[in-house]
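You will see chain A twice below: alongside chain B first, and alongside chain C after that.
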Partner chain A sequence: MPLRLVPRTRPSRLAQYGAPVLALVFTVAFGFVLFLSIGRDPWAALHAYFVAPISSAFGLSELLLTALPLALIGLGLAIGFRANVWNIGAEGQLLLGAIGGGAVALALWGEGVPGTFVLVCLTGALAGMAWAAIPAFLKTRFNANEILTSLMLIYVADHLLSWLVHGALRNPQGFGFPESRLFSPEALMPILWPGTRLHIGWLLLPVAAVAIWFMSRHTLAGYRLRVSGLSPNAAAYAGFSQPQSVWISFLLTGALAGLVGAMEVAGPVGQLLPEISPGYGFAAIIVAFLGRLSPLGVVLAAHLLALILIGGENVQLLGVPIAVAQLFQGVLLVAVLASDVLVRYRIVRIGQLETDEAAA
Partner chain B sequence: MTKRLTLAATALSLALGTGAMAQDEPLKIGFVYSSLIGDAGWTFMHDQGRLMLEEEFGDAIETAYVESIDGGADAERVIRQFVAQDFDLIFGTSFNHMNPMAKVAAQNPDIAFEHATGYTQADNLAIYHTRAYDSRYLVGMVAGAMGDSMGVVASYPIPEVLRGINAMTLGAREVNPDFTTKVVWISTWFDPGAERTAADAMLDQGVDVLAHFTDSPAVVQAAEDRGKFVVALGDMSQYGETAHLTALDYNWGPYYVERTRAVLDGTWETDNTWEGIAADLMTIAPFADSVPEDVREMVMVRKEEIRSGAFHPFQGPLVKQDGSIAVAEGEIPDDGMLLSMDFYVEGVEGSLP
Partner chain C sequence: MSPQPAGSVRLGISGVSKQYPGCLANDNVSFEAGAGEIVALLGENGAGKSTLVKIAYGLVAPDAGRIEIDGHPAALTSPAAARAAGIGVVFQHFSLFDSLTVLENISLGLDTPAARANLADRIREIGTRYGLSVEPDSIVADLSVGERQRVEIVRVLLQDPSILIFDEPTSVLTPQAIEGLFGTLRQLRDEGRAIVFISHKLDEIMSLCDRVTVLRGGRVVGSVPIGETNTKALAQMMIGHEVPDVAQRRDLAGGPVRLAARGLTMSSQNPHAPGLQNVTLEARGGEILGIAGVAGNGQEDLLAALSGERLAATETAIELEGAPVGRLGPGARRKAGMAFVPGERLGRGAVPPMSLSDNGFLTAHWRLPLVRRGVLSARAGAEFADRVIERFQVATRSRATAAQALSGGNLQRFIVGREVLSEPSVLIVAYPTWGVDVAAVAAIHEALIGLRDAGAAIVLMSEDLDELLALSDRIAVLYSGRMSAPLPIADCGKERLGLLMSGATDAEAAGGASHAA
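Here is the complex of A and B:
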């Protein structure tokens, strides 16, 4: 029985807002059975997942701190994805931002220059942009597939970071361990919420979200990006340049990802390490789609993902194995994404479809 | 379903009930693991230590762990999570947990922190480490008896790993003077794919025995599949029935028991522990059937000499790769030199990254 997805002509408003809620209810019910079946108290586990992370100042600050990189990168990616520009290499652009920002922090190490962290962030954003410019150039000049080039540049960036922390940027007093010195205080992001790790970089999130919303809704550049995504032919007919949307998408995401990298090393990490990011650049791709490529949606999705990431650590303290924690996370994501698809599409049998069309 | 629910509810209320009735709250001990526990390897051996704690102290303690926490901003969050939930003693089991732990320890002077393999110590942050090179020397002797060359899948070129590579090479060359060692660095402690690729690359170059510093059984499986030998990190014999000659084995349990008892007794204080075979923190896994009797005897004799102090794996003359002398004949290197080791010994091929 062959099945097909057919777009709904008018997705119901109610379904659009109700579907994520329904997905959440389904996931919670599934989690209840799952945790019960491995002999854990399901209430305690669900509490650890969804309530504990936001019921204390510590938990809330960590949630905001973890969602920040996901949201910033997701905002940039959503712009590109709308324009059919597939930057899969945000992780690499993040790493370059960490390298660029970290190099500045180390060059000014112990110099006591006030406000070094600003320079760290700016350099990070520029380094991320420069890295993103490579796949953009290859795409516009040689029509090279940007999915492949941006993806492969992640591994180059990873090795570049590894080489630097093993060599030029290694802590001379670090017994040969592959990591840099701890940055001087003036290179670290000032703390926004005293007693937590949440730093002032968080203030950039609302700014970036509003700016990107404004750009995509109310500027010509944003309009061009959306049109070239919706209908490349129409965009070409209107004289919109495709290379331009490639450049804008890549440079914007590169800058945001680079900024995130710099803020990670100058924020919660405080030094350069061989492993900087637990995969924010990849998770942000999920965030972009989970947020239906809209700025508000991306910000919400980033916090949902951060919540289940932290919840996954919390339930381990209750003796829930990491595999079960990750299974639960996976089910949540699949449920949300699948319900989203079903709101916008309906499943029909091929035979049924033909009958429908004949009737119409 | 309803029945199970009732059961769970009963169990929960029982657990809560006894907790409230007990005179003292159990001591809460947290472990941060850098990789998955799995069924062999570095994290598995730490977890064996944790299980020994539960067996030893029963209801007097409660343990919890978080797996797969490696670098970045995650480690500090997990350590802070333990603190937020009133844990009394927290162990970080990987080098990457050191700086986050030092940061959190400075803000929580009443909690005891312990960090494995690092170098930063504080009033409430103890460091503990094993002289794994003792066991590396012994497994190297076995490798030297069973082959002429070794391929090492190595993680990061830090002193700990360099001591291990050098000790294995020295052990192998004691029984087989022409023995050579190749090294591939893969810049991770856990990546089965990369470990396997590196192992295969060295087998393609014709090495007889593999060794590894990484946490998965991939290298052992590679040796088994290709009919070669391996000396493993932790007993991984279930992954290589014929290939697995022996392994260096960490025995963290007694240390964890001692430190936990100190916290219970109120005598815990910061320390810097670096012990090996002499303190039974290190040992080696059982030999494969293929290891001849005379080799086993020779290795066991050396083991006892290391225990008694009659033999030191890095005793002079210790010759560097470039032919210069690192330790003169009749001398034993001090801990400072061992802790900052940054060279290959004679017999190791290639240059340091």
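Here is the complex of A and C:
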């Protein structure tokens, strides 16, 4: 029974929503075999992945806390990617946000200024924007490839953070460890959900998602970004300048990534460390595409990715090697992206094709 | 080529069907071309001509039907198989490498190394025999469009095909070059080859062909000897109903100069285009200024310079309503009264996956109140799109339909409508009816004339001389980046324009035309 892929004339609604579900079912079946083959109880492993993280209040709060940075950065990236602006350096912008926010928190350390955390967040966002402005300037002024410049600036940011926590921002009473002081309480993000680490920064997520959806769908600036992405020639014809798209995309993502960086150090981390992000800026690229570059999709994708990140840590407690945990995560992502084929194509048996055409 | 008695069928296509997703491109098509005849394949864009050619050349496999060559069934599974079976195709778009010589280009296209022996001599020989003289050692980039077409024809003739298919061969040629091509085609016919001439230009078919087969909507609607038909009957077969007449020109005194270019000089971004040299033009309110010329003589640069997509060197190189705008971008020029219909519909004039509603915003928001404080007004945008769809009779299910789902003619109606309803005082129009169905052509021409009569200045660039002659009040010719002085329409003979299009000076063209007359 030969099968053939035939392009759909229009994307199918059913496939659009059904494809991710199918991908999940496939991944679970694959995981079942995978965990069985390494001699672990597949039920326990799958439980650890998909049920344990959300079966307790604390687990749920951790899921939301992990999804927050992924979603915020993913929202910004999705806007840029739609406009064909490829900011790969959100991780660096996040680090600069952490440095900027952290520097404010440390400068006001022990001063007891109420609401310091607001200043920390604002400074973080500005620092992230400033870092993002560098590739934007190089792109618009010299037409330098923004993929390379933004990516390279991650390493610069990483070393800058490392240099600072080894030097200027190191805790004077820290026995020479490369760490800053623990921030004072007024510089820390107030806790939203008592008894967990979920802080009020989470409230920004729905605000940002709605604001970005509105910007993209209903404002002239968002319209221009969409046109530039879909058809650069049409954008040039209509008189939309490419530099404007580049600047808006970079500054928006830079601000969100910087904000995330500041909220990480003023939230769950509580100080400046040489390593403050487990690669949120990179994972957010996956989140943006997984969410099909739409705000709602990005928010959902961020929570899915957070779930498997936390699940991956859980199964390691069951004795599953980290490599297998990562393999499973990889399979889930590949399955979700591959299921996209069903949205754009339909599967037809060769014999059936002819009868379809006869009917048409 | 195997000799066949005159009139015997060389290419016989019977019952061919081809389904594309959402489109039945060929529906049970049967077509014959006999030895020693030129058969026209006539149809509008989208009628299925290109698909039929691709099937005959082995580029597309039909879903059903059979093809016979000289009476024997042929399996045309690839272009090489089609060439081996004696079929040669000269495509509308040339596939030549600009930076290589004629000889190198032809050599690259040959199927067997053996065929390369004495190639230069054979190219010259074919050139002499058929009036297709090309120098094998010249670089393709230096050739005119007509010469490039000769290279393509020579390349095909080297294989001595018994069946020759020409896909819209005249669309890029000057009137003189068209006459030369027709001479070659008649000679090839008289040698007993079967010639298929694909076109939608009725006059050419009437003067050249022996028989015409008309396609509409993927089906053959008729096949008649040329002697038993006329252009009006053919047009009716092609579009399925009577052809509407274009409104007559009315004489207007010159209005104020609305758009002017003064000494516009610009190098081209395309290394093989001539750029612009000291181009001067004035378009007055109430007139259509036609710009004729063979493609590749600076048209793209002139359009970009007028629309603002490329900025001029000085403010004063371009004036809009008397104000210098040479350094202003497209948005600012639109605000000052300009509108622009680009040559490329999908991907420039419209964003393919966006709805008509969204495509209405694209340029109209510069001139109409469709945006308030940075927020798009969905209602105003929808009303505007509906107005365009209604006034210009765009056949579409609704304003929510994506631009890419529209036929070429309907999308062009929408784009022209959008620009005209933005109420510009200057409209620049490039190739407005290229590949557009006849009914849409009439609607578009009517819109341009209406806008002109309302006092706007229109600059019309077209490769179609008939269109320019029908609409323009004055015509200037662009050749190698230079613009001739515009001629009043009364002085515009096809002959004279044709000479200007091939590089003659104004005086030479005037003399040559009167001499020829």
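As a convention for this text, the second predicted complex is superposed on the first by the 334 of 360 C-alpha atoms of A that agree within 3 Å, B and C clash if a C-alpha of one lies under 4 Å from a C-alpha of the other, contacts with A are read in each partner's own complex, and residues count from 1 in each chain.
The rule is simple: a residue touches a chain if its C-beta (ideal position, glycine included) is under 8 Å from a C-beta of that chain, and two chains touch if they have at least 3 such contacts.
All values reported here derive from a predicted model rather than from experimental measurement.
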First (chain B), second (chain C), both or neither touched by A:241: second
Which superposed partner A:270 touches (first chain B, second chain C, both, neither): first
First, second, both or neither for A:231, with chain B first and chain C second: second
Which of chain B and chain C A:7 touches, first, second, both or neither: second
Chain B versus chain C as contact partner of A:219, first or second or both or neither: second
First (chain B), second (chain C), both or neither touched by A:62: first
Which superposed partner A:162 touches (first chain B, second chain C, both, neither): first
Per-residue touch tally on chain A - higher for chain B or for chain C: B
Interface residues, chain B side, partner chain A - complex: 4-5, 8, 11-12, 30, 36, 64-74, 76-78, 80-82, 84-85, 95-96, 99, 103, 119, 156-159, 162, 187, 339-340, 342, 353
Contact footprint of chain B on chain A as seen in their complex: 36, 39, 41-42, 44, 56, 58-59, 62, 65-66, 159, 162, 166, 175-179, 182, 197, 264, 267-271, 273-278, 310, 313-314, 316-319, 322
Chain A residues touching chain C - in the complex, by the definition given at the top: 6-9, 218-221, 223, 226-227, 230-231, 233-234, 236-241, 354, 357, 360
For the chain C and chain A complex, residues of the former touching the latter: 19, 21-22, 24, 63, 307-309, 329-334, 340, 342, 344, 347-354, 358, 361-363, 365-366, 371, 374-376, 378
